[in-house]
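Shared between the two complexes below is chain A, which has chain B as its partner in the first and chain C in the second.
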Partner chain A sequence: MPLLDIADLNVSFTSRSGVFPAVEGFSLTVEAGEAVGIVGESGAGKSVAMLAAMGLIEPPGRVSARQMMFNGVDLARTEPATRRRVIGKDIAMVFQEPASNLDPCYSIGFHIMETLRVHNFGHRAARRERAIEVARQVGFPPARLDAFPHQLSGGMAQRAMIAMAIACRPKLLIADEPTTVLDVSVQAQIIALLLALRRTQGMALILITHDMGVVAEAVERVVVLYAGEVCEQADTDRLLRAPCHPYTHALLAALPERNFGTGPLPAIPGAVPGGGDRPEGCLFHPRCVYAVERCQREAPALRPLEGGLVRCHFPVKNG
Partner chain B sequence: MLSFFLKRLAVVVPTFLGVTLITFSLIRLAPGDPVELLAGERGIDPARHAQMRAELGLDQPLAVQYGRYVWQLVHGDLGHSIVSKETVLSEFLTLFPETIELAVCAVTFAVVFGLPAGVIAATRRGTAVDHTIIGVSLTGYSMPLFWWALLLIMLCSVTLGLTPVSGRISVIYYFEPVTGFMLIDSWISGQVGAFASAVRHLALPTVVLGTIPLAAVARMTRSAMLEALGQDYVRAARARGVPKFQLMTVHALRNALIPVVTVIGLQIGVLLSGAILTETIFSWPGIGKWLIDSIARRDYPAVQGGVLLVAAVVITVNLLIDLLYGWVNPRIRHAR
Partner chain C sequence: MSPVFEVRNLSRHYSIRRGFLGGRDVLKALDGVSFVLGKGQTLAVVGESGCGKTTLAKQVALVDPPTEGHLFLGGEDVALTSDPASPRRKIQIVFQNALEALSPRQTVGASIAEPLAINTTLSRPERRERAQAMMVRVGPQPEHYGRYPHMFSGGQRQRIAIARALMLRPLVVVADEPVSALDLSVQAQILNLLMDLRDEFALSYVFISHDLGVVRHIADDVMVMYAGRAVEQGTAYTVLSAPRHPYTRALLEATPRADRPRRRERPPLVGEVPSIPPPGCAFHTRCPYVDNVCRRQRPEPRVFEGREAAACHHLEKVG
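Entry: the complex of A and B
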């Protein structure tokens, strides 16, 4: 039985201009200890899907799912109180912007110990000890646990966020673009830290990222999201070597390292469809170089192909 | 932090000079003179009148009078009341505890009711509860004090007979002041009913004086809570499994307090001007009533000294609020 098994997750936001489906029919399984990457352009629904799994979508957002099994508990059905005991303890999340995700009124130590306290981790002294221990593990100087968020650099703040996340030894860590707002020099350190923690703690990792380089070295499996739908899912090696979906193909073709010295980067023309302009048929067809008449008419289903899943009538043939 | 306070102190001296100049001229612009008012309806014979004016130094040119006044001030002398012959400072200090007591009760009332009202409105945003709280506090905020006081007196004192109309405590109780604060003195006097009487006399003035600050605190708490609840760190705390009540208090309310403290600070000035009206309406034996009486008697030194001391109090309280602000806001506390 997988650690996490999300089936048919839908998240929509209702506004005056109508209902906007941010995530549609999203499914994902993660085995214990496995590392899965979620990629896609910004606005694709990566964050929303993971926030929904954590139960963090608030009205006007609406969440529905066939199931969201985690460790034998269906998070889509369970009582809020039961879910709260799992969230933050067995599933933890690290956000994109550490600065805004730390409460400016409290020290880093308070944040970590609060997490431990709400999950009934031992006594005061034990919590203090554990806070120092996790601070060491993430490379956060324990002497700075009394520091307030505004006194920390971005990289240090993200280490603090990671310390909070792993404080209760989670089985699954969701990292939502954990390095996007950080200095380039720090990005690699944070990714290396996450990978090291994953190894030493034996936890599963869902890594949302833009960076295909990170995907290649960090995760075993990749889910590609486009306009709220999964368009391709495969083992990392296969996906990077032989992408089946034209969108994945275009994403990889747009990578700088694959185009070294060959003139301007081939950008994907057009933009992700927003609320009012969701096309008929395949969501990607207006930007797809291979699109034919059928693609405008008929929405493709997600189907198995070459050991993965792909949502395309005419998958790219590789080799 | 230190340079911040030095800067504030540098503003104090010109402020005080301005206050002396304004009160000095305004009170002299008002028609009537202290000697005539002292004599009352019997009148006074012109020779005696001139003699008394000379004794008080009122026969000198205004510039000389002002010069003498400032010279005295520089030497720490606020002068003597024309009416009572007491020093202005000692009159002020006897009455000041009464005003402090009223002001502290009014602020406490405002915070004790305003803060929860704002929190409740924010957590029930858009519901009937929220609209009611917004509506009531808007009404409270725009309530003319005089009218509101009379309305409450009509209801609570005249119709229901719950509270006395005016005064500080029933005349049947007497004890020596120890602290100057009637609530404390009546309590330690041990006289049965004295404390209750002090409380009943305090109730209406507290409500009247506290209404505007209450409305201000409630409105600011609501909007600051809503602002805080939309912040990423609240969501992040939820992601750590922090339960709802702690999200509301430990995180949202704690952050909302920062602007609320600012609002309370701004209300202190409003409160003191409100105290003048409130004390007059309820015959409250405090600084406000004393100032009004002194103005009516053209007691120049009392008015000048009183206003100056009130200004000193406002400035001190604002400095304390700045300290409090630094204390609630870590970003200021740790500023280098």
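Entry: the complex of A and C
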């Protein structure tokens, strides 16, 4: 039985132009100890999908799912009290912007101890000891636990967020673009830390990112989101070597590192559709070089291909 | 090839408060940087945040006067000129976040035409006509002349900022992380646009970036900065294919690669850039080659193996 099994998750928001699906028919399983990446451009629905799994979408946002099984409990059906026991303890999340998710009035040490207190972790002294222990583990100097969020660099704030998230030894850590605003040097430090946590604690990881390099270095399996839908899922190596969906293919082809010389980059024309301009048929067809008449008319289903899943009538043949 | 622009020994020092008990320190955000830029050439400036890239951009674009140094534009020193308005027309700047740079209450057309209003005696209809002609070339569509910046996507806003920067036909464009905040598919569009405009308008670029993949693609020359100084400088090919400075090496090593992933729990660079550099070599606290000489004596830049300059005591060893 997988650790996490999300089936058919839908999240929609209401805007002036009507109901807008931010995530549609999203399914994902994660095995214990596994690392999965969710990639896609901004607005694809990466954060919303994971916030929904954590029960953090506020009304008027609407969430529905066939199931969201975590460790034998269906988070989509369970009562709030059970859910609160699991979320933050067994599943923890590192949010996209550390600065806005730390309370400026409290020290980092307080933040970590508060997480432990909420989840009934031992007595005060034990909590203190654990706070120091996790700080060490993430490379946050314990002497600086008295510091307030604004006194920290971006890299240190991110370490503090990770320390809070792993304080209760979660079985699954969801990290939402944990390195996007950081320098490559600090990014490498954070990725190394996440890899070490997986190895030492057997923790599973869902890593949200838009950086294909980060994906390559940190996860074994990748889900690609486009405009709220999964368009491809595959093992990392296969996805990077032989992408089947034209969108994944085009994204990878546009990477500067894959273009030698000084000619133009093969850019994808147009932009990701927003709320009001979702096309009929395949969501990617207006930007797809392979699109034919059928793609304008008929939305493709997600189906198995080459050991993964792809949502395309005419997948790219590699090699 | 005759240089269009030459920067010699440019420095910018800030006086900062030294903690609670007062007293002031001198922070050398930029400390004796030199480079030469030929017509149609691109110099990339790379380094971690806090190493002085934006400070360099502001000095070079005459936004902020340097503490000392020379900026030769067409043979004339414009660094400390009493009337910066006229050389400033020839050196334009594009920032990472166009939304901050564009006035929210001004239509994008008016923003693009504004440099003409300030610097020329053209009539309003003439200014409008020229702005629209530039929009045809750079974007967004001239029909969107009367729209406001918040109505555009990040990529479109960056086009607006670029269009505005080109209105006075500059010789040099300083671009401070112009694609860092953009999604992959849009990033490739903007990079292609910048390369086309460079050829079309015979522009020279100072292109600031922390993405070495992007730099490799767009730059002729590279300058790697650390703590306000250039530590390695030369053609992009030489510096990025055969880096000799330990810092350049570490940056390259830290950059995640989709095609050559490394899974490592030991990151190539630990810690962060110190704001007040230590004595001796500024990089010695993070350098794997450090010895006593590095702790005592600052390495001066020297010509080394085909690169203009490299500042390290152990270049021979790093090889």
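Rule of thumb we're sticking to: the second predicted complex is superposed on the first by the 316 of 319 C-alpha atoms of A that agree within 3 Å, B and C clash if a C-alpha of one lies under 4 Å from a C-alpha of the other, contacts with A are read in each partner's own complex, and residues count from 1 in each chain.
To be clear about the criterion, a residue touches a chain if its C-beta (ideal position, glycine included) is under 8 Å from a C-beta of that chain, and two chains touch if they have at least 3 such contacts.
Source: prediction; values computed, not measured.
When both complexes are superposed on chain A, chain B and chain C end up sitting side by side without clashing. Looking at the shared chain after the overlay, A:D103 reaches chain B, while chain C stays out of its contact range. Shared-chain residue A:A92: touches chain B; no touch with chain C. Contacts of A:I206 after superposition: neither chain B nor chain C is touched. Counting residues of chain A touched by each partner, chain B versus chain C, the larger count belongs to C.
Once the two complexes are laid over each other on the shared chain, residue contacts for A:A234 go to neither chain B nor chain C. Working from the superposition on chain A, the chain A vertex angle toward chain B and chain C, CA centres, sits at 80° in steps of 10.
Look at A:C295: by the touch rule set out above, it reaches neither chain B nor chain C.
Contacts of A:L152 after superposition on the shared chain: neither chain B nor chain C is touched.
The minimum CA-CA separation between chain B and chain C in the overlaid arrangement is 5 Å, rounded to the whole angstrom.
Taken together, the chain C residues at the contact with chain A in this complex read 48-49, 153, 155, 183-189, 191-192, 195-196, 210-214, 216-218, 250-251, 254-259, 261-270, 272. Contact residues of chain A toward chain C in the complex are 41-42, 153-155, 183-189, 191-192, 195-196, 199, 210-218, 240, 250-252, 254-259, 262, 264-269, 271-272.
For chain A in complex with chain B, the residues that touch the partner chain are 54, 56, 84-89, 92-93, 95, 97, 100-106, 111, 114-115, 118-119, 148, 150-151, 161, 164. Only residues 231-243, 246, 250-251, 254-255, 328-331, 334 of chain B touch chain A when the two sit together in their complex.
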